[in-house]
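Letters A, B, C, D, E, F, G and H name the chains as they come in the text, with residue numbers starting at 1 for each one.
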Amino acid sequence: MTAIDSYATLDFDRARRCGFPEVVFGQGKTPEQVAAIASELAATHELALVTRATAEHAAALKAAEPDASYVQSCGILFIDRRPAPERITGTTCAEILSSASGQGKIVVCCAGTSDLPVAEEAAITACIMGSATTLLADVGVAGVHRILTQQELLASARVLVVVAGMEGALPSLVAGLVDVPVVAVPTSVGYGASFEGLAALLGMLTSCAGGVSVVNIDNGFGAGQIAHRINAPRWIKREEDR
Amino acid sequence: MTAIDSYATLDFDRARRCGFPEVVFGQGKTPEQVAAIASELAATHELALVTRATAEHAAALKAAEPDASYVQSCGILFIDRRPAPERITGTTCAEILSSASGQGKIVVCCAGTSDLPVAEEAAITACIMGSATTLLADVGVAGVHRILTQQELLASARVLVVVAGMEGALPSLVAGLVDVPVVAVPTSVGYGASFEGLAALLGMLTSCAGGVSVVNIDNGFGAGQIAHRINAPRWIKREEDR
Amino acid sequence: MTAIDSYATLDFDRARRCGFPEVVFGQGKTPEQVAAIASELAATHELALVTRATAEHAAALKAAEPDASYVQSCGILFIDRRPAPERITGTTCAEILSSASGQGKIVVCCAGTSDLPVAEEAAITACIMGSATTLLADVGVAGVHRILTQQELLASARVLVVVAGMEGALPSLVAGLVDVPVVAVPTSVGYGASFEGLAALLGMLTSCAGGVSVVNIDNGFGAGQIAHRINAPRWIKREEDR
Amino acid sequence: MTAIDSYATLDFDRARRCGFPEVVFGQGKTPEQVAAIASELAATHELALVTRATAEHAAALKAAEPDASYVQSCGILFIDRRPAPERITGTTCAEILSSASGQGKIVVCCAGTSDLPVAEEAAITACIMGSATTLLADVGVAGVHRILTQQELLASARVLVVVAGMEGALPSLVAGLVDVPVVAVPTSVGYGASFEGLAALLGMLTSCAGGVSVVNIDNGFGAGQIAHRINAPRWIKREEDR
Amino acid sequence: MTAIDSYATLDFDRARRCGFPEVVFGQGKTPEQVAAIASELAATHELALVTRATAEHAAALKAAEPDASYVQSCGILFIDRRPAPERITGTTCAEILSSASGQGKIVVCCAGTSDLPVAEEAAITACIMGSATTLLADVGVAGVHRILTQQELLASARVLVVVAGMEGALPSLVAGLVDVPVVAVPTSVGYGASFEGLAALLGMLTSCAGGVSVVNIDNGFGAGQIAHRINAPRWIKREEDR
Amino acid sequence: MTAIDSYATLDFDRARRCGFPEVVFGQGKTPEQVAAIASELAATHELALVTRATAEHAAALKAAEPDASYVQSCGILFIDRRPAPERITGTTCAEILSSASGQGKIVVCCAGTSDLPVAEEAAITACIMGSATTLLADVGVAGVHRILTQQELLASARVLVVVAGMEGALPSLVAGLVDVPVVAVPTSVGYGASFEGLAALLGMLTSCAGGVSVVNIDNGFGAGQIAHRINAPRWIKREEDR
Amino acid sequence: MTAIDSYATLDFDRARRCGFPEVVFGQGKTPEQVAAIASELAATHELALVTRATAEHAAALKAAEPDASYVQSCGILFIDRRPAPERITGTTCAEILSSASGQGKIVVCCAGTSDLPVAEEAAITACIMGSATTLLADVGVAGVHRILTQQELLASARVLVVVAGMEGALPSLVAGLVDVPVVAVPTSVGYGASFEGLAALLGMLTSCAGGVSVVNIDNGFGAGQIAHRINAPRWIKREEDR
Amino acid sequence: MTAIDSYATLDFDRARRCGFPEVVFGQGKTPEQVAAIASELAATHELALVTRATAEHAAALKAAEPDASYVQSCGILFIDRRPAPERITGTTCAEILSSASGQGKIVVCCAGTSDLPVAEEAAITACIMGSATTLLADVGVAGVHRILTQQELLASARVLVVVAGMEGALPSLVAGLVDVPVVAVPTSVGYGASFEGLAALLGMLTSCAGGVSVVNIDNGFGAGQIAHRINAPRWIKREEDR
């Protein structure tokens, strides 16, 4: 077995600097590496979050830490030992979102059913970081009444995360309806000229509507983290600390 | 002076095969070449249409054929000697559309003011070919109520031409509202990641809404011709001839 | 089991707005999701169409709805409970096209044998929507007499769908022979510099012939739907209703 | 002279929906069009903002509205007739930032001197919308001590805008130092493999640091607007209104 | 004035190795450089050929060598002091082709009038190298009868050069009609998705017809040289020499 | 079982027009389709050639036609029933090249061991069409003496086929040494910035040496056919027939 | 069994010209080919190095040469029969680096844990060529203190190899801290807009810091060899020989 | 007039950290900015180097500092007030290279005459930093004997800079002849598929020869600096200081 510091230099200071402990990117790591790193983070921070985790990653971590929780639909793996009400629990997105008692208000919406895993990754990320989060599925522009009937919900949010594949038109439409920031997430859903998310990415970057910023293709985690930084319970708390 | 057949092989049979005489693509031709070819076509067909014509092209043709007409805003140059009511006249898009007595119904709409030249090229092309055509400007998705209040007009059309630059989202939205074909035209309006129309092109090709087909970037002429073939007064007439 | 509305917002109004019920895009959905959505649509509309369906999707739907029909060669799965003569039946493209009694006339042709699955998807789509459709295979430009001897058939169509991979030259040639719209479908057939259909796509978008509009790579379904909207039995019927 | 509604459909409702009146994108519009639209907006909202304005645009607007102000270094043109302290004044970025009395705190920083026009566009946009804004120039990663010595300033911001061309590395570095959102703006500064900003754009989208979202290449305006929506004096005010 | 060997290492041996003296690529060279190099080559070989020459290049060379000849339409500049019948003369493509008494048979054809400069560059290159060459203009696939009526001419050639822009479909069609090699030349004629010749280039590389090889976009010179090497009077002569 | 004409329109006239019967592109066809088409071609022409054939294709054809021959290393499958000396035999490239008694002289050379399958496809294709062909392996530019010591062999050829992956520099070097045409074949050998052959393709298209034309990535078959058309025993024979 | 010279032309002179024997690129070669070539090289040079070797390659070589050594984590396979102290031994990167007694000083550092295999390939390559080499893992810019605390180590090196995926920002930062050359290696670590290493590659090529040169994506071997040529024990030795 | 610190944060410490003062990238800066920054640097370091300087930049700087020197052919502008023998003088590349008394040995060679400006930028940069530098022009692979006859010169260098446009094959060839590092510089010389240097860039990155690292397209400055860091008089001096 290889010592953890031969392959990783954990950044234990990140929680202080950036408001949340280092998050483990599971892709390309062995189950042993993921388990070792997540255990170490949990020991230090009462909290460990792994994204793009496979079933093998989950099994390896659960063997070491039986209280680890795995959301298969979007590859989120976590340990949460914080006291209530901060702690989140569950193995589906719905369970986790309703288990939380976050602050502020984030609304995550996605254009199609196949964009759902990315939207769930965003919602759970924001939720575990401490934001109250709602998820709205399958409201793409081909049937525009579906999103137009949700304007009250949209208006209640401090920030919106809008997830879409194919031509990625939903963020432009939504941004024209609200006065809060829209974090757009292109997905790789589509084929041919979608070029694995490139069409949606370019579309969102060139949106004719103001207030839209964009993250990497399929980067639900990144969108969730940014939305949380905008919604910002921690920032407010930090202010209070002073 | 060079003889016309050293640089061109005019296809006088095209009107019979394809329903409209050969159209001259002005770009990259000298004023003399454009003037000679257009004169020859007008002599044969009572009609000559030049696209992407410059002021120099127009001056050269008018010197030879004083009844030529030039629409500067979209670079259309034409001679129309057909008898009324087929003949069109005017030097602005508005004049030409109202001078015509075309059949059927085409609606051309564009997302922004800067997409207007392309939309005008489409509308005048369809009009000169014989289709009744209406133009609707600046109804992009950032203010979605602008297009939603036009649903009656959209529903009255046999075919729609939808022109948009930047992320090119308008065709997806429109196609979800109607049951007729939508011909989408991406424009090169935008900067940076619009990559001179590529973002709009990919967006339209990967539209999540059914019924959308696409032409080349800034190809208003092509869209007008396809819309006319769909609206198809000539086809109907041809049927009657049998 | 997850409730259908946690992952889908069915658009039951689409048949009214767009002339045909919502169509299910099978790719990326689980067999359970496809079966549930298709059953729900069939219950409402007497009709459900799934594209890019796998054998697993077909098995799951047939278990729930034994009258479902699967065309393996092009991944079309459908339930059709409409009364004759509207109803279509069969499990091969040939059976389905001959079972139908559609209106108007669509001709679908493809350049090579390997483009056939995409051409079949287009033909069956148009057929189930109500258009009379004919399919012509392996008539690419490398042996140009093959398409030239079919000019009478081409001339009889209200709209053509032309499917081609590699350099995608067939639509340009065909469009120069007819006066009806040509819907061009690039396919991913080829290798190297075809870049999975990009060469054919660019070629069709920049066609020197008028009257060609283009859909996404391998998008037989989209082409069939557009061709049907052009051929338009429903539109004619709607007119009659008034 | 052409009537304004033949080329534009002004969205006077946008201020209510999105918190700020429609902004005019100058590029590709004639001086007459810009002057007419800006005058109309100023008459309605006491405020008109034009981006990517040329000296000709400025001259045309000033002829009609002598109180218009033009910031040549970054192409911003505006009329501000709001009462103090909301009103901003000046013709350089420095004058405008110090004339304002905005709320909250935005820090805009750029990597090199040549990125300055984009950074100024962002800063002035945020400022005119109502945010207190600071600008920090030429602090790129090749001399990393320049940004490290500014950590106190960075920590005081509610949101950061980080502007960089070439490889666009600055946002990754900055995002690892703070717990607030970072809006990254790639610029077209560079040559060769920077591909007019593509290298910086891709780099920012794939940042290894959390909390970074991205706007279009050279889109200082967009970044300023998003930063303002995050900093959000208006949202806070709206809350108070309830 | 700078000595010629500070910027060029002339390859006087090339005529022996490759069958024709070094050819000067004019683009990016100063008039003085072009004049000096061409004079030096003419002194050694009785022949100097410059491609992509501007009027300034031509003037500089003519000042030094009054017998230099410039074909403005395609930027060819040459000095030919070989004895008749090898020598070519003239300042238009037509004059030059008819002045020559080359061996074998090359047919150069192009799809549209705007492809003519590239086709002329190919034809003159082959001609000056010693091949009998014929030029056929404006026979693109949109009016396929134009090329089909030229089959006898095509059949008489030892090699064909086929020049086309936009979708570049002509080589595929031609190659299916003959049993000799086809050298395909994509041109930058077109706009939008032609991406300055990329669409034609990819199309020609992925041709479904056998016997097509491709040169760089707008590379008429290269095609002419390859066609000559195939037609090969020199090679035959060399054989005879043995 | 499906009738052959439902999926293929065999072009039996191609041997007359193009000098060799239609060749079957195996990729994407079922074993049954390949076997049926190859049998039909062999029955008509005494010859059938399949490229990109898999072991399954070979097994299916051998079951029907036991005299079929399969070269596994490069996926060539063929039936040759022509009388000697035209007939070729063998199951390795070396056996086939030495079994043949072709006319003229083609030299195929490749840069690295991994380019060998493509080079073999070219060599066998030229050989079966009737050209005497020699193959030279692993003579890339990193050890330039390897090709320089082969100049006599290069000089003996009527045409060269040069195969290379990675940066694809070999054709430029070779073309500077000879006066015959060079057919360059980029291969997909390499990784990273070779982008599956794109680097080699672009390099060959922009060769600074004259006389190089290019075929698609990995298109050994195409290069062999073009080389044969240049070497041209059939063309010479046709001449003699007259 | 096939003779080695039918597929390879070994360049036994390379050690003299280039300072190190030919290295075998394992990818795309059969186990038999790799074993035969490596045995032949080891017999001539007492040393054989294979990169991108699989477990099958390793097994085949070990069967023939039991003293072969395989480093699975980065696919390095080698035989080293040189006398101590030149000889290296071991099957992990750590073992090999500490077994060596190389000259000069190379520091290899990588941004993340997943970049480690590429960094190891670089380090072992430099080590086997004769350079003293140190490896530093997981010091990316998101936690910039990790690299800043290593400045003394960086300053001790004659050359640095910096390995990074995603946005590839680390080389820019490091190059601004030192006065020695930085060899940057982009990796394919990342997803979406990293486009398999393209984002990192472009970022490194457009670095705002001086002193950075770049190798192909994932090309640890190339970087190691260049670093060794810079560090240059052999060059120094060669000097001494004179 | 604007104060220098409103647009620049000069990094006066860079000479200590990186061995040479900050260098000014002229492109995109005004003459005033360039003059002010260069004057400031010269006052501090006795030395100021500006790259990509225009004649306007030169005039502005000379007005302030009459001892500034401008090399028009490659856009280098500098002030050198160091004592002899370090000081360089002259306004052409040849003058400057011969004025210097640098240490070590760098050879810069370029493939064609049009690559010369980039090669000169590299040579002058290395020279001013303190390296003895030789320049060799027009030795591309199309006439391979030109470089092969220079092997003795190549062998004498501590490092080579190889500059080439079009297919960029020269570095691969050169790297196979030497045992020192090769810094490859792709140039934008070429047209069509060279895509402004992309073909050369990709070719150099995927070189089959070892020891090649690459800088940005047209980045002569970068290559000169890296070559100097490799040749490294300063590093040696620093060693001596210890």
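The criterion applied here is as follows: contacts are C-beta pairs under 8 Å (C-beta built on N, C-alpha and C of every residue); 3 or more make two chains touch, one makes a residue touch a chain.
Worth saying up front: this structure is predicted, and the values here are computed from it rather than measured.
Common neighbours of subunit C and subunit G, by the contact definition above: A, F. The rotation relating subunit A to subunit C, fitted on Cα atoms, comes to 90°, given as a multiple of 5. For subunit E, the chain with the farthest CA centroid is A. The pair B-C is the one among A-C, E-H or B-C whose contacts match those of A-D for more than half of the residue pairs.
Centroids of subunit B and subunit E (each the mean of its C-alpha atoms) stand 37 Å apart.
A separation of 59 Å divides the Cα centre of subunit B from that of subunit G.
In this assembly, the C-alpha centroid of subunit F lies 46 Å from the C-alpha centroid of subunit H.
Centre to centre, using the average C-alpha position, subunit A and subunit H are separated by 46 Å. Residues of subunit C in contact with at least two other chains: 14, 112, 142-143, 175-177, 192-194, 201, 205-206, 210, 216. Pairwise, the chains that make contact are A-B, A-C, A-D, A-G, B-C, B-D, B-E, C-E, C-F, D-G, D-H, E-F, E-H, F-G, F-H, G-H. Remark: subunit C residues 94, 112-114, 116, 137-139, 142-143, 145-146, 189, 191-194 touch subunit F in the complex. On subunit B, the positions that touch subunit A within their shared complex are 111-112, 140-144, 148, 166-169, 172-173, 175-177, 190, 192-195, 198-200, 202-210.
Those residues of subunit D that touch subunit A in the shared complex are 14, 17-20, 23, 158-159, 175-181, 183, 201, 205-206, 210-216, 222-223, 225-226, 229-230, 232, 234-235, 238. Listing the residues of subunit B that touch subunit E in their complex gives 6-9, 11, 13-14, 22, 25, 27-29, 33, 186, 188, 196-197, 201, 216-219.
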